[in-house]
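What follows is a structure written as structure tokens; I'll ask about it next.
Chains: A, B, C, D, E and F, in written order; residue numbering restarts at 1 for each.
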Amino acid sequence: MATVKIWSDAEAEADPRVKAVFDDIRATRKTDFVNNVWRALAGQPAVLETTWAQVKAVMATESALDPLTKELIYMAVSVANGCSYCAHSHTAGARAKGMTEAQYQDFLAVIGLASQTNALVTSLQVPVDPEFEV
Amino acid sequence: MATVKIWSDAEAEADPRVKAVFDDIRATRKTDFVNNVWRALAGQPAVLETTWAQVKAVMATESALDPLTKELIYMAVSVANGCSYCAHSHTAGARAKGMTEAQYQDFLAVIGLASQTNALVTSLQVPVDPEFEV
Amino acid sequence: MATVKIWSDAEAEADPRVKAVFDDIRATRKTDFVNNVWRALAGQPAVLETTWAQVKAVMATESALDPLTKELIYMAVSVANGCSYCAHSHTAGARAKGMTEAQYQDFLAVIGLASQTNALVTSLQVPVDPEFEV
Amino acid sequence: MATVKIWSDAEAEADPRVKAVFDDIRATRKTDFVNNVWRALAGQPAVLETTWAQVKAVMATESALDPLTKELIYMAVSVANGCSYCAHSHTAGARAKGMTEAQYQDFLAVIGLASQTNALVTSLQVPVDPEFEV
Amino acid sequence: MATVKIWSDAEAEADPRVKAVFDDIRATRKTDFVNNVWRALAGQPAVLETTWAQVKAVMATESALDPLTKELIYMAVSVANGCSYCAHSHTAGARAKGMTEAQYQDFLAVIGLASQTNALVTSLQVPVDPEFEV
Amino acid sequence: MATVKIWSDAEAEADPRVKAVFDDIRATRKTDFVNNVWRALAGQPAVLETTWAQVKAVMATESALDPLTKELIYMAVSVANGCSYCAHSHTAGARAKGMTEAQYQDFLAVIGLASQTNALVTSLQVPVDPEFEV
């Protein structure tokens, strides 16, 4: 159940702005699959366009960090923010980008540890070391 | 200002359990610097010991993900959890592990984008695509 | 699946404290529909009463901000807190209070942007400008 | 204490990309004041440029929701995300856009109530009413 | 630095609504100390009154859970929400209600573990066991 | 729908590391029921082993806080972190450890109040009282 309509391919085809974004997603990702987040955003074309432009620029463009590392950071944020859909889509994304089971185990160990120490540090209200100052 | 005492080196030296952990931190990290989170945990020796054991096992042991990638994931979780001290310590940690300015810029772009799309997806309550099912 | 029983109308009718709250919800909102949050709270009558009293005082009473603005603020908090039910109920509430599609698109743009800049600011640990001091 | 350098006006003047953004901030907002978030982002020019472009498009452009309402939604997200700097800057921003004390009191009442009911609903795991389905 | 004025005793004395709440806080808690959260809320008398009424009813009234247990739950929520002031005030509150160092160590161990397993469960998107259904 | 396989008893029996943990869970908890979080972690044996070791040490070992109090703190963190599965499992856990309906009502009142005041304090950016300093 969503709070907005999930657009079908037929509906997307009939709207030029939505069609343009869906076409670019398919061309950029070299797959016919357009996942639900884009179908949910289709009713808000301005948000659809700017969000896709940003995802394309950040995630689908070669840059200093390799694609899998960027996906792992994305997954980490998504889990910490408690976003169920995002945990699903970015775990799938990391696997598609070659994440091994051993890397996944590492990922889980790091996010578990980080969450634990974040809670301890917040409870103890640890003062920042001057050594960390820029 | 912390909610607990921040132990000095002299105080740590005088307590065998705390001294053992501080000695191991210094030996493992090959530096004399022991940052405040360990000094804040020193009053809770059992938590100090198990937390350090876990940090050592996860972060200071060779594994499937390289040290910088693990640090970036740790940073991402820390920022998403809003932990001020952790943002400081893990940004410093990532720099110590070789994070370049270009990689840092990538990191910021990814966490910004992830936070934005997490919010959109949660607002839209996007249903999980069957394609993501394991 | 809930962690408590969801009370039916018949069960609510049979309990004077619950019936009184349900009657007041219906009278205040001018609808027979009592949504599930109240049915879930019915087993905890003291929490049911104080929560409804607060919702009525804050949301169903004329005040400085108009009803739609208050609903949009409520939605924003609910999304940021990752509350799935609340995202559904307050999006429906905003629509019932007249939110247009263009306003909804604005809402999505603002919460996406805010989430993004919140993450950047937390990562950068930006110091508060003296100009913001009261 | 920040995790990055906070750029002075002199430093910003000397970098064409940063200068261009700072000039546009000043022109758009009709004030000489450039607050710290932009000075912290100056070391990451690509993030600086895209973030400012988004803030300008969403917050400084006329749209379906009035400027104060957008600022209140921004504040609400910032508070729920626990961003200290953002709470300061957007409370100041709302006041600059005309928020009255009575409206601020309403704002506080709504975010307090929303946070409370979000917690109750999450604890009770209330199922979404079919009436909220789109 | 706060986003509102922190009221002094003299200012509180001069405002009948604020004076009444401050007097009741002092009488209820049997101490002359009124901590800053109330001085920050003093500019919003309606929120001040309803918040204090709720704190008094929930925390300062005998009920099914003993005062220390309620304070520990309050601390746990405050830490998970990343509220710095609240971590300080409720850790002080728990100590004032008799929390021992051993109990504090337990508290830290539980919140660290809970944060860790919460992150794992969210990443794995574990389905709810039918055995937990009410 | 999970992001990993949920292991059946037959699959767990066939893997010595997983079988050892499942056997210990059953022996420690004196029940045949192994809930889904362990079945989801089974594919990551190192994380499974260390997580169970920590849960056993913290939650299933006699310590300064009684088992129900520890469970209530765990529930509080889980709710504040928005973990749906965890809200289910720890509410069930608290009931199994003897939580009465009156205690549950108290729990709900405290987490609701804490969430509300956390939001107010974060919005107001209340400065820490010197009295809370250690």
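Following the convention adopted for this analysis, contacts are C-beta pairs under 8 Å (C-beta built on N, C-alpha and C of every residue); 3 or more make two chains touch, one makes a residue touch a chain.
Per UniProt, the chains are A, B, C, D, E, F = Putative peroxidase-related enzyme.
What you see is a predicted model; the values in this text were computed from it and never measured.
J.: Kindly list the shared contact partners of chain B and chain D, in label order.
T.: Per touch definition, common to chain B and chain D: A, C, E, F.
J.: Could you check if the interface between copies chain A and chain D is built from the same residues on both sides, meaning over half shared, or from different ones?
T.: same
J.: With chain centres set to the mean of the C-alpha atoms, which chain is at the far end from chain E?
T.: A
J.: Could you grab the centroid distance between chain D and chain F? Build each centroid from C-alpha atoms only and quote it in angstrom.
T.: Centre separation, chain D to chain F: 34 Å.
J.: Measuring from the mean C-alpha position of chain A to the mean C-alpha position of chain F, what distance in angstrom results?
T.: Centre separation, chain A to chain F: 27 Å.
J.: Could you grab the centroid distance between chain C and chain D? Build each centroid from C-alpha atoms only and quote it in angstrom.
T.: Going by mean C-alpha positions, chain C sits 21 Å from chain D.
J.: Considering chain B alone, which of its residues make contact with at least two other chains?
T.: 1-4, 47, 50-51, 54, 57, 77, 79-84, 87-88, 91-92, 105, 107-109, 111-120, 122-125, 128, 132
J.: Based on which chains touch which, is the overall arrangement a line, ring, star, complete graph, or other?
T.: complete
J.: Any idea which chain C residues touch chain A in the complex?
T.: Those in contact with chain A are residues 82, 84, 87-88, 91-92, 101, 104-105, 108-109, 112, 119.
J.: Can you check the complex and tell me which residues of chain D touch chain C?
T.: Going through chain D, the ones touching chain C are 1-4, 6, 33, 35-37, 40-41, 47, 51, 54-55, 58-59, 63-65, 69-70, 72-74, 76-81, 83-86, 88-89, 91-92, 100, 102-103, 105-107, 109-111, 113-129, 131-132.
J.: What part of chain B is in contact with chain C in the complex they form?
T.: Residues of chain B touching chain C: 75, 79-80, 82, 84, 87-88, 91, 107-108, 111-120, 122-125.
J.: Where on chain A does chain C make contact in their complex?
T.: 1, 3, 43-44, 46-47, 50-51, 77, 81-84
J.: Could you pull out which chain C residues touch chain E in their complex?
T.: 1-5, 50, 54, 57, 128, 132-134
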